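In this document, chain identifiers A, B and C correspond to the written order of the chains, with residue numbering beginning at 1 in each.
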Amino acid sequence: MQFNAPGEEMYGLATRYFPICRSITGNGVRESLALLQKELGSAITLNIHEVPSGSHCFDWIVPDEWNIKDAYIADEAGNKVVDFQKNNLHVVYYSEPVNLELSLEELQPHLFSLPNMPTAIPYITSFYKRFWGFCLSQEQRDALKPGRYKVVIDSTLEPGSLTYADILLPGKSKKEIVVSTYVCHPSMGNNETSGPVLVTYLAKWIASLADREHSFRFIFVPETIGAIVYLSKNLEEMKRNVVAGLQASCVGDNRAYSYLPSRLGNTVADKAAQHVLKHHAPDFVRYTFLKRGSDERQYCSPGVNLPFCSILRTRYGDYPEYHTSLDDLNLISADGLGGAWNVYARCLLLLDKNKRYRTTTPCEPQLGRRGLYQSLGTTDPHLRERALANILAYADGDHDVIDIAEICGVDALELLPLIDLLLHHNLLEAV
Amino acid sequence: MQFNAPGEEMYGLATRYFPICRSITGNGVRESLALLQKELGSAITLNIHEVPSGSHCFDWIVPDEWNIKDAYIADEAGNKVVDFQKNNLHVVYYSEPVNLELSLEELQPHLFSLPNMPTAIPYITSFYKRFWGFCLSQEQRDALKPGRYKVVIDSTLEPGSLTYADILLPGKSKKEIVVSTYVCHPSMGNNETSGPVLVTYLAKWIASLADREHSFRFIFVPETIGAIVYLSKNLEEMKRNVVAGLQASCVGDNRAYSYLPSRLGNTVADKAAQHVLKHHAPDFVRYTFLKRGSDERQYCSPGVNLPFCSILRTRYGDYPEYHTSLDDLNLISADGLGGAWNVYARCLLLLDKNKRYRTTTPCEPQLGRRGLYQSLGTTDPHLRERALANILAYADGDHDVIDIAEICGVDALELLPLIDLLLHHNLLEAV
Amino acid sequence: MQFNAPGEEMYGLATRYFPICRSITGNGVRESLALLQKELGSAITLNIHEVPSGSHCFDWIVPDEWNIKDAYIADEAGNKVVDFQKNNLHVVYYSEPVNLELSLEELQPHLFSLPNMPTAIPYITSFYKRFWGFCLSQEQRDALKPGRYKVVIDSTLEPGSLTYADILLPGKSKKEIVVSTYVCHPSMGNNETSGPVLVTYLAKWIASLADREHSFRFIFVPETIGAIVYLSKNLEEMKRNVVAGLQASCVGDNRAYSYLPSRLGNTVADKAAQHVLKHHAPDFVRYTFLKRGSDERQYCSPGVNLPFCSILRTRYGDYPEYHTSLDDLNLISADGLGGAWNVYARCLLLLDKNKRYRTTTPCEPQLGRRGLYQSLGTTDPHLRERALANILAYADGDHDVIDIAEICGVDALELLPLIDLLLHHNLLEAV
């Protein structure tokens, strides 16, 4: 199996996805999903779902839909000193519409900036409490002079719907492997764009594999509320079918590989993620579940308890540009996205093929008469012969492929062709 | 919950308890228990039990009752060179009555001293074999001149009864938390007085708590034979009800905190003790069960197997003054007793509240609309919000409060008010 | 229990066993087994079994029987430059008969030597593919001059049978402890002779023990094919009865003690082997099952899964003389064999006595009135009293003797007489 990461193609999609103004509801999400559908091509269907505002989903209520056309702060001379058209982070997300004239003093409680990062615009939201505000760099804020300001937010916040999407790729079994990501932040690179871009390209690759053992589900939801909505619609089916899931977030920069376990850290998703990272990014960072922050919070909650873990490049909250305008297209790269694809693709393939096998005969089989063992007895068998013998030694119906690879200290993906060889000779059978 | 250790009051009781001449039977035990009842006050009943000599209790037989009025060794001039009136350790405990005249040579096999601790009087017993003897300092012994000596032990050793006591404080549940200590040594500070003093003040404190989840049992027995007698009377009930027990011994000095596990080290008592010690006395000494020496020997024996461990200050056998006259009121202190109270009280409270909880909704609940989460989305939630989320993440019906605290790396007692808050909002329910 | 290793006697047997020309079938095996039967004496029966060539045993087919009278390479002058009569390693084992004249160039593909060990003759086999060849030292090979050579191998390779043997020593129980070794290599010391010599002397010693709790089985088979044949005849019975097995191989040199675990490393055989080695050869080498190479491959295969591990001196493959003529009688010694006997004998005795016990009374029994505890209460009980108390504390029906010894940090063999003492006093009962 060759793994050729489509780094450049992914980065190209990222440049088109990044500029869209998204939030947890609204047309930005719809526009983003349309872009992904176009990239997927007509052979793969991105199913779009709309859930009306006010819908009760578990403990939550779908909020009103938010859309925005424009927003600015203008000084007395009519100069737009803060302008949403220049950077869509300039508005507090979910700001209610306003059209006011205020003094600088009255304006201040509605302004957000980062004193320690004077050029960065922070990303601020107020999804569940009506509010309005602007985000700006500390340099911009310091330049504001006392005086009167005109404040305009041309937004709508009214009943509509929340939009999410999924891709379902059937396999030989109804048992599913899932990748979930979020589509809800405006222009951010690592902490938004990288996720949907990676998952889109993983879906294209999985769709190209002829002999999928498992079905695959790729989920694109607004973070938190979207995952909760999704689970409220699909929990029973997912509990029945999902064998492993990966939460994709912050998968675009090139500074680190990171692993964030499931709640108890003991699922097959955890096992596969750690195995692949150990062999392909051995310096990866290990977090505990206490460091969770994305939709693994929902997938792993006690009442859901699906086998999800997370593989990241540099984790949300652990890089200074996080949730600011500095998390932009310069922060992510073809190499960063490609590295994530390499690890995710290996994980998905390994999870797909990770069966338990049993030998078909007591004792070791006679490999020699099948041409699988040298005829001359010398001091030590060859490496491939050792590997075949080790697979047969641990194919006891209890150990899966990853377990056997861990015992042998080798990459599980290297065992797959040897297992196929033993299956071909009827020396193994799947449990 | 405030923990105000009554160190001075405990030390005051210690000064009154210390001088009494106790053994495993006899009036000294009765006098000691009467003193404790007085300290407990009329609202708390110390139930006194008498078991006749000759009673069969499991493999043991209750011995004759021993009482002593006087004992001395006088030289030819009539000088009392060893005098029980000066220190009640001067006699071998359970010595039969004697009134003899002997040469020094004939006397020597009946004398006990410690060559390496020349000023200390050792504590020696012969509970189950008729014998008589005197204990004296090596300095006293070296000063004895050849000659004739008059030896008097004015004791009685005849059928009577063994005395023990317990306090039962009912709670919401019949399930019990137990603290056991011994009342059988004569004047020793850390290895006798500290235990009953601590347990008396723990019982007073527990009795003052309005909403006890569990019932509490406080046991005062002569060591070994008393614990065996107690278990022979109460084993079935205790097997049914006891969820955790602590053996209190050597809890009065101020040199160390120590933990001695249950036989397998895996009970909830062990879990609570280690958790509290880790947070309140992180340098505590860890023993194995091989170092046991008090009534955990009975409570943890295979045929009893109650979930008992032991928390000590400096362990019996591990301080030079142990079982000598140097283990006196100077060895223990208000700080020593108070420190033990601090750890025991936290343990008992934690064991009382240590339930398993389950969330009432799949996924995370919407804390924001209950005022439990900030409305503005910024980079990182507050500490309390993290703690609430962590409780909800691990409230899966499997993890108890201590487990959750261990996962989160916090003191479990700090989680209790947050759990109450979540219960109040109907976001948790006890399993 | 005294352990007097019969080192010199074993080495004496080794000198008689070593010269015989053995292979996986043929008269050499029969001659070897006859020698062992003679050493065992008439009171112990070595059961000889013959299995016809062509028999199907699991996945394998018993090969034709091979016997050899002579083999040499002669130069044009008639000098035998390679002569089987001088060293029976000079022929490739299972060589078909040949009588040819060849040039040196034509001969070369049939010659085997070791460039890095110029004086050593390698040991080479071709059991399952018809072939002929000679093994010689690199020095011999380098001395061969161009020219014509006469090549004679006076062997037979035709239907016959495969020979193996076992000794069955009944005990109180049908449950069995097994030792297996191989009888199939020609003249090699550590990697052949040591095994059957050790197992013969272990069988003699076990036969001399009056009160065996278990039955014992000692297996002598050609490696691989013989073990597979043996299991194909005895698998169901062995699955029913075998509680522990040891594979004896490379047990004659004096350079190391080694432990090679069972497939999962968690059988009672593993537990006993590690315990004994820890106490009697604490510097022993630990291998993983990946380093297996003898009949543990069959005994531990998933479809067989018997509780076998291996104790070795210096492991096959880990010493330079392995599978060469330098693995001779100088490599092994009375001390080497005796050391192996010491460890194996202790293991077998421990496995035989390794029961689970339960106390007969709740709480500690009163040892004092049985004379098992000192009557005077002083600061610390004696060592033996501690050991008795520890046995009673962990005799809970779950821990076996080795478990208790591991908890107490003592040699389990030292606990056996104390357990007998407690059984004698009816304070313990076997589970």
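One rule holds in what follows: contacts are C-beta pairs under 8 Å (C-beta built on N, C-alpha and C of every residue); 3 or more make two chains touch, one makes a residue touch a chain.
From a predicted model like this one, the values you see are computed outputs, not experimental measurements.
Q: If you fit chain A onto chain B using the CA atoms, what's the rotation angle, as a multiple of 5 degrees?
A: With C-alpha atoms aligned, the rotation comes to 120 degrees.
Q: Chain C and chain B are one sequence twice: same or different residues at the contact, by the over-half rule?
A: Interface between chain B and chain C is built from largely different residues.
Q: From the C-alpha centre of chain B to that of chain C, how far is it in Å?
A: Here the centre of chain C sits 55 Å away from the centre of chain B.
Q: Any chance you could list the residues of chain C touching two or more other chains?
A: Touching at least two other chains: none.
Q: Using the touch rule from the top, collect the residues of chain C that touch chain A in their complex.
A: Touch residues, chain C against chain A: 58-61, 92-93, 122, 124-129, 131, 224, 227-228, 231-232, 235, 263, 289-290, 292, 297-298, 300-305, 317, 322-323.
Q: Using the touch rule from the top, collect the residues of chain A that touch chain C in their complex.
A: 358-359, 361-366, 368-369, 375-380, 386, 389-390, 392-397, 407-409
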